[in-house]
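Have a look at these structures, which come just after this line.
Next come two complexes built around chain A: one with chain B, the other with chain C.
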Partner chain A sequence: MKLKRQKPKEKFSYDPQKVLKKLEDLAWKILEEVKSGKNPYFDVPTRGLNNVYFDEEARLIKLGDKLSRRYFLNVAHARKFTQTLILMAYIKRLVSEGKHASLREAYYANKHTIPGTRENTFEDQSESDPIIEDLERMLGVLREEMHITADRRGYIYGDIVIKDGEDEFNASKLGTGGWAVPGTVEHIQFPEVNVDYVLVVETAAMADRLIEEKYPKKENCLIVATQGQASRGVRRLIHRLHYEEGLPIIVFTDGDPYGWYIYSTIKQGSINLAYLSEKLATPDAKFVGMTMDDIKEYNLEHVTEKLKGIPPDKKGGPTGDYKRLIEELNYPWFQNKEWQRQLKLALKWGVRIEQQALANKSLEFVAKEYLPEKIREGKLLP
Partner chain B sequence: MKLKRQKPKEKFSYDPQKVLKKLEDLAWKILEEVKSGKNPYFDVPTRGLNNVYFDEEARLIKLGDKLSRRYFLNVAHARKFTQTLILMAYIKRLVSEGKHASLREAYYANKHTIPGTRENTFEDQSESDPIIEDLERMLGVLREEMHITADRRGYIYGDIVIKDGEDEFNASKLGTGGWAVPGTVEHIQFPEVNVDYVLVVETAAMADRLIEEKYPKKENCLIVATQGQASRGVRRLIHRLHYEEGLPIIVFTDGDPYGWYIYSTIKQGSINLAYLSEKLATPDAKFVGMTMDDIKEYNLEHVTEKLKGIPPDKKGGPTGDYKRLIEELNYPWFQNKEWQRQLKLALKWGVRIEQQALANKSLEFVAKEYLPEKIREGKLLP
Partner chain C sequence: MAEARDLFKEFKVQSVSEFFRRNAAMLGYTGKIRSLTTIIHEAVTNSLDACEEAGILPYIRVEIEELGKEHYKVIVEDNGPGIPEEYIPHVFGKMLAGTKAHRNIQSRGQQGIGISGAVMFAQITSGKATRVITSTGGEIVEAWVKIDVQKNEGKIVKKLKHPNPKGWRGTRIELEVKDVKYVRSKQGVYWYLKLTAIANPHAHIELVEPDGKLVVFPRSSEDIPEPPVEMKPHPKGVMVDDVYTMAHRSKRSSVRRFLVSEFSRISDKKVDELIKYITALRLIKSETNKEVKEKLYEKLVSGDVDSVLRAFGRKWKKELEKVAKIMDKSPEKLTWHEAEEIVEAFKLMKFLAPPTHGLRPIGEENIKKGLTSILKPEFVTAVTRAPRVYAGGIPFQVEVGLAYGGQIQGSEILRYANRVPLLFDAGSCVITSAVRSIDWKRYKIDSFDSAPLVVLVNVVSVHVPYTSTGKQSIADIDEIHNEIRLALMDAARRLSFYLGGKFRRMYQVKRRKTLEKYLPEIARSLHILTGEPEEKIKEYFLKLIESKIEVEEVSEVEAEEAEA
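Here is the complex of A and B:
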């Protein structure tokens, strides 16, 4: 199997005017209600597990259609209603002025005592964050599109040209460092894409190994280092590289429940952020390793480690790695024989295998044999 | 006060040949002892608090001169002696071949069963890491100079040209992302330095704020985002920018015991890594904020947060933030009236103030008023 760039499925479409329009439409609705003496309200899609489902066809975790109505003239709702309006006004200002703020800045910027009262608009950030999530759900836009940036983590390396504002540069010409992925990637464009696929790598140490071995050049791919769980910026970047640039996505993590969870989040989205799946997830992503079968295939038995926590058949279990493993066994998107096999083997053997354990063969092994062979022979998990 | 680049105090001096020479000299010594029928040994500088002191003149935490002798023909020493030799051979290969390995790879690569025995060279990484630290102390070289890379974290943004291998690029032309600092910065050179100083920033969100406000351009500085505690790579980079490029270093963290600890580590080195202070620390660094006095000066009382943990005068205290605060009150390098004042105020008020709390004034405030004013007026802590 030779991985190749495919036909793009989406076009670059970020347009701050659309976000402003949505905010204004909603604000006009409220204003009309006030003017006509009605009790103004917002309809907010319900959060939580009971409003989340797995769409088999789109293969995405999606938000259901349950709504809760939030009235201004209701003592139980008035606070959140007001907070929603305050943040809408703030976001409108941010987007209009082309400025970005972090969640924390959005909280601090809008915290004040309401004149003539002893009431604070927000007591702490745990009040403002959920309102911003509500707005994402209500408007169907990412908070990044509303110029509220997420925490940043992760970097990329490979032969693509990135255009970010006035700057244009090739992400394979930045030495051993690579390009640090910003919190918001909405505005970024890709004038040139010279790679065949994207390899998403869990650990920085492994990404750096591959860079040192010149893997991105030899295999003509882009390395995306997530540095643990993929940040929203990185997930959005992967999504865009797949849908807008047609790049196949291959994920490479440690062979353990946490690594597989990282894969699962990139591929299917997370339950907490179900309403974002369509913009953040990439259901076509494939998994190259590490797998339990790799342990036997490459004679890595002596460099495995024990899973942490209590197994399900022991008193107090399952906890730790075992608990996550049991959850993963039940994920709708892991209901296929390949994943069931890996997850059950992990449960049976009680071990994990790290990416870097491949260094036991040789430093070069992962770049010269493991990855190229598995990818060429299509030994990928769905 | 106008910050300006000063005369460099050191020259770029990384030379892998010097590291190889040190390794070989030590190996020859061992070989000679074996040949002449002596019991071969290593002299290893003792680790731990009792072999660490604060050098008042150099203003650095330094390693004392206590040694422990590790013999081959001693049942208590033989294992560590052998491990030391194994890793010396491995490092020699890495440096000769121009390759790098992470601590974890170094462990996996050297884990095997010794032929004819049931003995493993290393049982887990907690056996190999300390040997590498021992080698740093024994040879007086950073593990990065031995091509063992540290975890990477942090990025930079500003008008300097970086040369990393064949790549040369300007770190102010990388969009909003910035350059991801690699685990090892020994080999990096700075062909052009067009900034007046370095501003080290604790949080990515604040660094991104300053980038969005074009602070690096307006104030002609380089932003270094540590993203929490500064990684070894970032600390080494700061050290080199100061000593080799003459750049003043200004540190900007949250106003809390953890932020001040980040400053302390950049400035004076850490006790764990005392033997590295001369290459990793930058005693001339200054601190711009956040301070307790900022709270009153800028009317930020309503956006402070409570310190975590139990105060020293309460039952079970001090814990958490308070425990660290008490430790900091006793640091030799905080024995000056400015720092004693800030630390005692924090203890008295029991509050902390975050960098991002400045957003309560306005998003621009930190970039247009707070930092430029404090730096211009020299309101910096030693």
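Here is the complex of A and C:
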């Protein structure tokens, strides 16, 4: 199988004016309600598991249609109602001035004592963060689009040209460290894409190994190191590379419940950010390894490790890795024979296998044999 | 069995002071604090009663001077009708103990010894005579009174007369007492006068404490209570010695006439029935077969006196004639045994409930006035129940008052019997147990003990059933307990209604404040988002709040309660 760049399905869509319009429209709705003597309200899609479902067709975790109405005249709602307006006004300023702020900055920028009271607009960040999440859901706009940046983590390396504001550069010419993915990637554009696919790698150590072995050049791919669970920026970047640039996505993680969870999040989205799945998730992503079958295939039995936690058939179990494993067995998107086989084997053997265990063969093994072979032969999991 | 009259004679020969000492507890002279309270009680009661009878709004001033350790001078002055010179020895000297002359009148005192006891106490502890200054409007008489313990009479040891150019009228008495103590406790003089003032809103009461501090309990009502009237005793409420003593004092021609005219609810027909009952009782007692005896007695209890009599065949007519003869003889000749038979029959017979016109409650309006002016609460309500009867024939009436909030701190139960504050033995009193039996939570009082709530209960009766001779707590009689409960629940419902409205209003005000405080933030944010002027946005929101959250007007019922 030869991986090739496909036709894009989405276009670069970032437009600050759209975000501003959405904010202003909502504000006017409130004001008009008040003018006509009605109790103004915000409709906020409900958070939590009971308002989340798996859309089989889109193959995405999506938010349900449950709403909670936040009224001004309700004493229990009035504070949050006010906080929502305060942050809306703040975001309008950020977006129109072209500035970005972190969640924490957004909290500090808006924290002050309400005149004539001893009450603060926000007592701590745990009050402002959920309101920003609420706004994402209410407006259908990512917080990155509202210029509130997420934690940054992860980097990329490969032959693509990136336009970040006024800077334009090739991500394969920045040294072995690659280009660190910023908190917000909405405004990033890709004037030139010279790779065939994207390889998403869980650990930085493995990504560095592949770069040193010149894997991106030889295989003509872009390496994305997530450094653990993929940050929102990285997930958005993967999504955009797939949908806007037509690049196939291959994910390479440790062979353990946590690694597979990272894959699951990239592919289907997460329960917490279900409302963002359509912008963050990439259901077409494929999984290259590590798998339980790799252990037999490549004779890695002696470099496995035991799963952490208590197995389900033992007293107090399941906990730790086992607990996550059982959960994954029940994920709707893992209801296929390939994944059920891997997960059941892990449960049966009680072992995990790290990416770096491949170094047991030789340092080059992963770049020269394991990955090229598996990808060429199409030994990928859905 | 010794006859009561003999007992009385015996009592007379013993020394009055000895009697006083022996019966100190019954007369209220135990303990240093309580003795002082009792002296004040006797003097103030005299003043209130005198003013009531004369139709005068009372003004009473109490002064207590400390002369030494546990040594005080007590001065009580009133604006009453004054005491005519010739009555002074009688009022202050006659020990009325032992007689029950005023048995059927609702009185504050009921101690039967009154102010003379105070004079006696002063005399025993300090050896000093009581100084009385009084005038009925003419000359002012200043007299020093002592009690002649031999003759059981008051004796004026010194007397002066003064001109009265300003036409002063009233009475001032000064007693010097030892072995007493002034303490501002719940059993002391201050508390006693405070409670008296609440129950007597028509009286102005002042107290000068030993440290010179003046406390004023001002008058809040201009209505002078009507003096109580004497009521004929009801057959269900009398004891053997009552019947015996009354008969012997009676000037009626026969026992029948005595019964018909000196008791309430006894007619000629009832006397005929009484004869049958006494006859039946005699016959039953003569029956030897125990089983038959019990059966017949049961029948009698059920009221079927005729069939009981018939059960004895011819025998009963002869006996009936004998009993009938009792009714025809002079009441003076009624024997103790016959009086016993009459009372026993009374217990089995049915009578109309006694008349209640002699009861003198404080009244709902006056309770509210008293509580309001002395306690300054934010809410007050009172309930006076209709008269009821206990023990089959003793009329009584219950009234309660509730005062909530305002300057009241903590809860308090104010107990009264015939307007007289009860300060001791709260634990054994039916008022305490009835108040405690109320589920106050149901009336929006979360915890009775910490609520700012004063509960006043006044039990009115010609014969208050005290638990002991100290007359400081009322016996737990079901009928009285229930009446107190009913009155309290009625009053508590009104309180709960008031509190409901108050909480509702407070909630609305709070709600408005909560919403309004966010307006500057909202206006600023919406201004940034829409460009509308902040002031205008604020106006829109204020209008919305005003139209949606009305602070409800106090309803009429509540207003009426609150203003009282």
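For this structure, a couple of remarks:
The definition used in the following text is that the second predicted complex is superposed on the first by the 382 of 382 C-alpha atoms of A that agree within 3 Å, B and C clash if a C-alpha of one lies under 4 Å from a C-alpha of the other, contacts with A are read in each partner's own complex, and residues count from 1 in each chain.
Criterion: a contact is a pair of C-beta atoms (placed from the backbone, for glycine too) under 8 Å apart; a residue touches a chain by one contact, two chains touch by 3 or more.
Keep in mind that what you see is a predicted model, and the values were worked out from it rather than measured.
In the superposed model, A:Gly183 makes contact with chain B only, not with chain C.
By the touch criterion defined above, A:Gly116 reaches chain C but does not reach chain B.
In the superposition on chain A, contact of A:Val34 is made with chain C only, not with chain B. Using the contact criterion defined above for the overlaid structures, shared-chain residue A:Asp254 touches neither chain B nor chain C, since it reaches no partner.
More residues of chain A lie in contact with B than with the other chain of the pair chain B and chain C. Applying the stated contact rule after C-alpha superposition, one finds that A:Met88 touches chain C and leaves chain B untouched.
In the superposition on chain A, A:Ala101 makes contact with chain B only, while chain C stays out of contact range. For the contact definition in use here, the chain B contact set and the chain C contact set of chain A share no residue. Contact residues of chain C toward chain A in the complex are 510-511, 514-515, 517-518, 520-522, 524-526, 528-530, 532, 537, 540-541, 543-545, 547-549.
Residues 23-24, 27-28, 30-31, 34-35, 37, 39, 72-73, 75, 78-79, 81-82, 85-86, 88-89, 92-93, 114-117, 119, 121 of chain A touch chain C in their complex.
Those residues of chain B that touch chain A in the complex are listed here as 99-102, 104-106, 108-109, 111-113, 120, 149, 151-153, 155, 162-165, 167, 169, 173-184, 188, 204-205, 208-209, 212, 227, 302-303, 305, 354, 356-360, 362-363.
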